[in-house]
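Same chain, two partners: chain A is paired with chain B first, then with chain C.
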Partner chain A sequence: MIVEIGHFALILAFAVACLQTGSVAWSMWSGDDEPRGIAAPAALAQCALLALSFWALIWCYVVSDFSVQNVFANSHADKPLIYKISGAWGNHEGSMLLWVLILAIFGAAVAAFGNNLPARLKSNVLAVQGSIGIAFLAFIIVTSNPFTRIWPAPFEGQGLNPILQDPALAIHPPLLYTGYVGFSMAFSFAIAALMEGHIGAAWARWVRPWTLAAWMFLTVGIAMGSWWAYYELGWGGWWFWDPVENASFMPWLAGTALLHSAVVMEKRDALKVWTILLAIVTFALSLMGTFLVRSGVLTSVHAFAVDPARGVFILAILGIFTGGGLALFAWRAPQLRQGALFAPVSREGSLVFNNLLLMTICAAVLIGTLYPLALESITGDKISVGPPYFNSVFVPLTLILLITLPFGPLLPWKRGNLREAARRLSVAGAFAVTAGIVALILKPGSSMLAALGIGVGVWLIMGALSETAFRVKAFAAPWPEVLRRLSGLPRSSIGGMIAHLGVGVAVLGITATSAWRVEHIQAMKPGDRIAFAGYEVLFEKVAAQQGPNYQETFGDFELSRGGKPIVELAPSKRQYTAPPTGTSEAAIHASWAGDFYLVMGDAAKDGSSVAVRMYFNPLVRLIWIGAVIMFIGGGVSLSDRRLRIGAPARRRAPAEPVAGQA
Partner chain B sequence: MRRGLPLSVLVLVLALACGPARAVQPDEMLSDPAMEHKAREISAELRCLVCQNQSIDDSDAPLARDLRLIVRERLKAGDDRAAVIDFVVARYGEFILLRPRLTAKTVLLWLAPLLLLIGGGFLAYRLFRRPRAEVMAAPAPLSDAEREKLRGILGKG
Partner chain C sequence: MTRKQRRSVLILSGLAVLGLAAFLVLSALRESIVFFYSPSEVAAQSVQPGTRFRLGGMVSAGSLKKHGGTDVEFEIGDGSRAITVNYRGLLPDLFREGQGVIAEGKLDPGGRFIADNVLAKHDETYMPREVADSLKKQGTWRGGEAHAEPATQ
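So, the complex of A and B:
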């Protein structure tokens, strides 16, 4: 019964989404503003129905209702409860349902909290949001229905892929989807603005918090996926330029660009046309990510051709929304009034430079990801574009972006002075150069690129701190004055500073672990002792134990340093029963200096020894700590925006130009 | 995130076929550390042909192991890096290279980022130039009629 309720709610949500969009279309066509009023309640109803539907699917997983095809294919009665629940979105159908649910939540948020938006803009936004809902609900109902029943109901399910049975991966998709789908808000606002034909700073003030929220979730979502890959896939890598990763990285890059250009639009009423275009492109890339992952086209062009229904459907959605959005843009954008003027060397100019580089990087990732597909479908030649290509393109472009980054926040709006900014960054520059030289001295034989990377990381961190120091006159004014200035700094400015600092922290981690990671592979027998990366490792024994839904063989290793035992490490190999697959679980000893990463491989044929591989990944934690700092920076900035948007009294006053704000 | 992202089950199944990496085994490794290091570097640039976007250095598929052994054999036979890669490409085709060579077919791949940067930079340059020209241009001098009107407004008859 609950299955049918969920199924029914899903179909009803489709009907309500049609109403949400249709009512606004009717208003536009007839000129009567009455029907528009339905859009907001419809958005709330759509969200409630999809929540009900999604709850029903989770319920099916929790009670292991194997009469539902989706549960049968992806769950198992013996699975721990948390993985039964996360199994609901650990598959194609369920994850698409989660996708539209998050879309509807964003729509409902506009309906519920958007009372201070102009009524017409609000309903137009909801109409666009509703149309995305229509497309994806139709996709789910026609090609990917999670509530399909099977008869007779099987006795037991086939189980969830064991490498997905992991806490990080349980919350990774919801975070990532919140990011992906959150960019739909920027898209809907852009389309609504194009329909109305005018756009102003108020528009940017509305779009920025949504974009920022989406960006924050995408940042941690990507970081969490990378962390999962790091500890679960067992060779200590954390980013592989896999097309699936690129699919989430491209919207992140475009979203980061959008975030920055929206600042210019909000503060200076400039770059309007470009910001609108970025909003469309960012969401188009999110849709493309969904298409790339969901259609199977990445595995091979042929897999796509064998079962084309889903792929063609999403491709059509991608084509309609991207093509439609861009066509509307081409038609209406020339009517948008160009905004304020500014000199090349200015805050605006630096943000244009930021956008230029971010979008070039984004385009390079896009081209690298799609080139093999395009080449094969045109000429039939198969080539591979892998990490070596991406690194050689990505690294130089990113270095230019990061080296110039600290100048931006120090330049005033309209017209700035590069020399003045450079003077303020001289301390940061001195720290950066010193750090690079220290790196070369401490790790003789390091490449110049490694030293440069360390220097850039320190440069970003110190640059962000210098910026704040100058804002609060940290070394020039008496303490009470400094504290007063600090508390008076706008949150969005502090948030930007924190986020930039986070980038620096991540760069340090990335550089250190890429340049100075060490590895050792050896066949070991119980009792063997080896020294590696300043640690001593004693292989004590191999033992077996029974987990909730797997059999496990684990090695017992003692890790010590300078004769003092630190920790017992137990890397293991698991054999899951349903589905019957093996995984290998790395054992990691984390410290601030880096991670000691231990993996147990196969036993030798005669059973006497086991292949053991160990890595030392210096400073690797900083990569994810940096991402978390970026997330926090976004949150701090968001708290500022929410205050301002939430206070209508203040909003009525002309937006005061906040001097020197990021 | 490697296989994970929004959990493409298909991709995951393939990932599993190639297993959680165990990759290079102790018995494959060369005794000369410099040569072994070279072998690892070359391996990271070669694709495991039966896996989804994994290098032979990361993959534990039997084919990847064979390829790793071939790379090491060629190195032992005295080949340099380019010769080893040529040897492998001659047998398995360009598809095996994770860093595609610059040919007529890949010229766009390699040049596109640079062209985009230059093209985008040019557009941005125009963005600055035009308004600047407008700002810099001195306003047109007043016509006689306007001058007359101005005098009237200022009341200096």
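So, the complex of A and C:
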């Protein structure tokens, strides 16, 4: 019964989404503003129906209702409860339902909290949001219905892929989708503004919180995925330039660019056309990410779908929304008013440079991701474009971006002085150069790139701190004055400073672990002792134990340093029963200096020895800590009163430039 | 500066960045792409020793040998030909005899494939796309039978 309720709610949600878009379309066609009033209640209803539908699906998983095809294929009665629940979105159909649910939540949030939006703009936004909902709900109902029944119902399910049975991966999809789908808001606002034909600083202020929230969730979502890959896949790496990773990284790059160009638009009423274009492109890349992962054109752990009908359907959605958005852009953008003027060396100029580099990097990643697919469909040659390509393209461009980054916030709007900014960054520069030299001394034989990376990391951190120091006149004014200034800083600029600092922290982690990671493989017998990366490892024994839904063989290793035992490590090999799959669980000892990472391989045929692989990944934690700092920076910026959703509206005609904004 | 000059500064710096990026992309694509071959294609195209490529196929049954715990040797075959692969390291969890696999590395002068990376990134129900495609071409594809979908309503 609950299955039918979920199924029915799903279909009803589709009908309500049609109403949401149709009512506004009717208003536009007839010129009567009455029907468009339905859009907001419809958005709320659509969200409630999809929440009901999603709850029904989770319920099917919790009670292991194997008469539902989706539950049968992806769950098992013996699975721990949390993985029964997360199993609901650990598969194609369920994850698409989650996708539209998040889309509807964003739509409902605009309907509920967007009271400061002009009524026309608000209903237009909801209409565009509704049209995305229509497309994806149709996709789900036609090709990927999670509520399909099987008869007769099997007694037991096939189980969830064990590498997906993991806490980080249970929350990774919701975070990532909140990011992906959140960019639909920027898209909907852009399309709505193009339909209205005018746009200004107020528009940017409405769009920025949504973009910022989406960006924050995408940042932690990507970091969470990378952390999962790091400890679960057993290769000790944290980023593989896998197409699936790139699929989420490209919207992140474009979203970061959008976030920065929206600042220019909000503060200076410039870069309007470009910002609109970025909003369309960012969401198009999110859709493309969905297409790449969901259509099965790539093969990797994420690709659950192997049905080409689905791929064609999503490709059509991608084509309609991207093509339609760009066509509307081409038609309407020339009518948008020219923005304010600025000199090349200025805050605006630096943000344009940032955008240029971010989008260039994004294009390079796009080429590397799609080239193998294009080449194969044209010539039939199968190639792989792996880390060597991405490293040799991504690293130089990113270094230029990061080295120039600290100048931006120190340049004033309209016209800046590069020498003055450089003078303010002299302390940060000195720290950076020193850090690079120290890195070369501490780790003799390191590459210049490693020293440069460490220098850039320190440069970003110190640059962010120097910027704040100058704003609050630290070291120049008496303390009360400094504190007063600090509390007077807008939260959005503190947030930006924190986020840039987070980038610096992540760069330190990335550089250290890429340059100085060490690896060792050896066959060990019980009682063997080896020294590695300043630690001693004693292999004590192998033992077996029974988990909730797996058999486990684990090794007992003692890790010590300078004769003092630190911790017992127990890497294991698990054999799951449903589906019958083996996984390796790495044992990790984390410290600020780095992670000691231990994986156990197969036992030799005679059982006497076990192959063991160990890594030492210096400072690797900083990568994820950096991402969390970026997330916090975004949150601080989001709490800025001027951006708060539902903050008392200072009503202005949308096209009016905002004067007097510092 | 006039509006026109400003615009030309913007356009020139844009072109400079794009030019640099195009150069990096093209040179990286020339140097770092890796081709995928099945054992038969290796023979047919007479791939030279020292060329880096990906070799994909099925791990031949009974071919896996371990030397000293960390060195392994196995054969990758596609039904008509097989190539011996040497690898030092831990095999991935999904590595199994009779299943699809991709190894990345180079041929040595003796015709052995020295792999530095072995991928078995598929789950239980399907094999790496490249391997499935090349087996289909060879006519030895037998997938889809063991994992037939249960009947839906």
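Of note:
The criterion applied here is as follows: the second predicted complex is superposed on the first by the 633 of 662 C-alpha atoms of A that agree within 3 Å, B and C clash if a C-alpha of one lies under 4 Å from a C-alpha of the other, contacts with A are read in each partner's own complex, and residues count from 1 in each chain.
Convention: a contact is a pair of C-beta atoms (placed from the backbone, for glycine too) under 8 Å apart; a residue touches a chain by one contact, two chains touch by 3 or more.
Nothing here was measured: the structure is a model prediction, and the numbers come from that model.
When the two complexes are overlaid on chain A, chain B and chain C occupy overlapping space and clash.
Shared-chain residue A:Ser226: touches chain B; no touch with chain C.
When both complexes are overlaid on chain A, the residue A:Ser384 reaches chain B and chain C alike. By the touch criterion stated above, A:Ala364 is placed in contact with chain B and with chain C alike.
Of the two partner chains placed by superposition, only chain C is touched by A:Ile150; chain B is not.
Applying the stated contact rule after C-alpha superposition, one finds that A:Ser95 touches chain B and leaves chain C untouched. By the document's definition of touching, of the two partners only chain B reaches A:Pro243; chain C does not. By the touch criterion defined above, A:Ser131 reaches neither chain B nor chain C. When the two complexes are overlaid on their common chain A, residue A:Ser466 makes contact with neither chain B nor chain C.
Of the two partner chains, chain B is the only one touched by A:Arg294; chain C is not.
Between chain B and chain C, B touches the greater number of residues of chain A. For the contact definition in use here, the residues of chain A common to its chain B contact set and its chain C contact set are 161, 234, 298-299, 341-344, 352-353, 356-357, 360-361, 363-364, 367-368, 371, 381-386, 388-389, 392-393, 397, 521-523, 581-584, 599, 601-602, 604, 611, 613.
Considering their complex, residues 69, 72, 148-151, 154, 161, 234, 298-301, 306, 341-344, 352-353, 356-357, 360-361, 363-364, 367-368, 371-372, 381-386, 388-389, 392-393, 396-397, 400, 521-524, 573, 579-584, 599, 601-602, 604-605, 609-611, 613 of chain A touch chain C.
The residues of chain B lying in touch with chain A in their complex are 1-16, 19-27, 29, 44-45, 47, 52-53, 55, 58, 93-100, 105-106, 108-109, 112-113, 116-117, 120-121, 124, 127-128, 131-132, 134-135. For chain C in complex with chain A, the touching residues are 1, 3, 6, 9-10, 13-14, 17-18, 20-21, 24-25, 27-29, 31-36, 54, 66, 68-70, 88-94, 121-124, 126, 128-130, 133, 150-153.
Residues 74, 89-92, 95, 161, 163-164, 169, 172-173, 176-177, 222, 225-226, 228-229, 232-235, 237, 239-240, 242-245, 247-248, 290, 293-294, 296, 298-299, 303, 341-344, 349, 352-353, 356-357, 359-361, 363-364, 367-368, 371, 375, 379, 381-389, 392-393, 397, 521-523, 581-584, 599, 601-602, 604, 611, 613 of chain A are the ones touching chain B in the complex.
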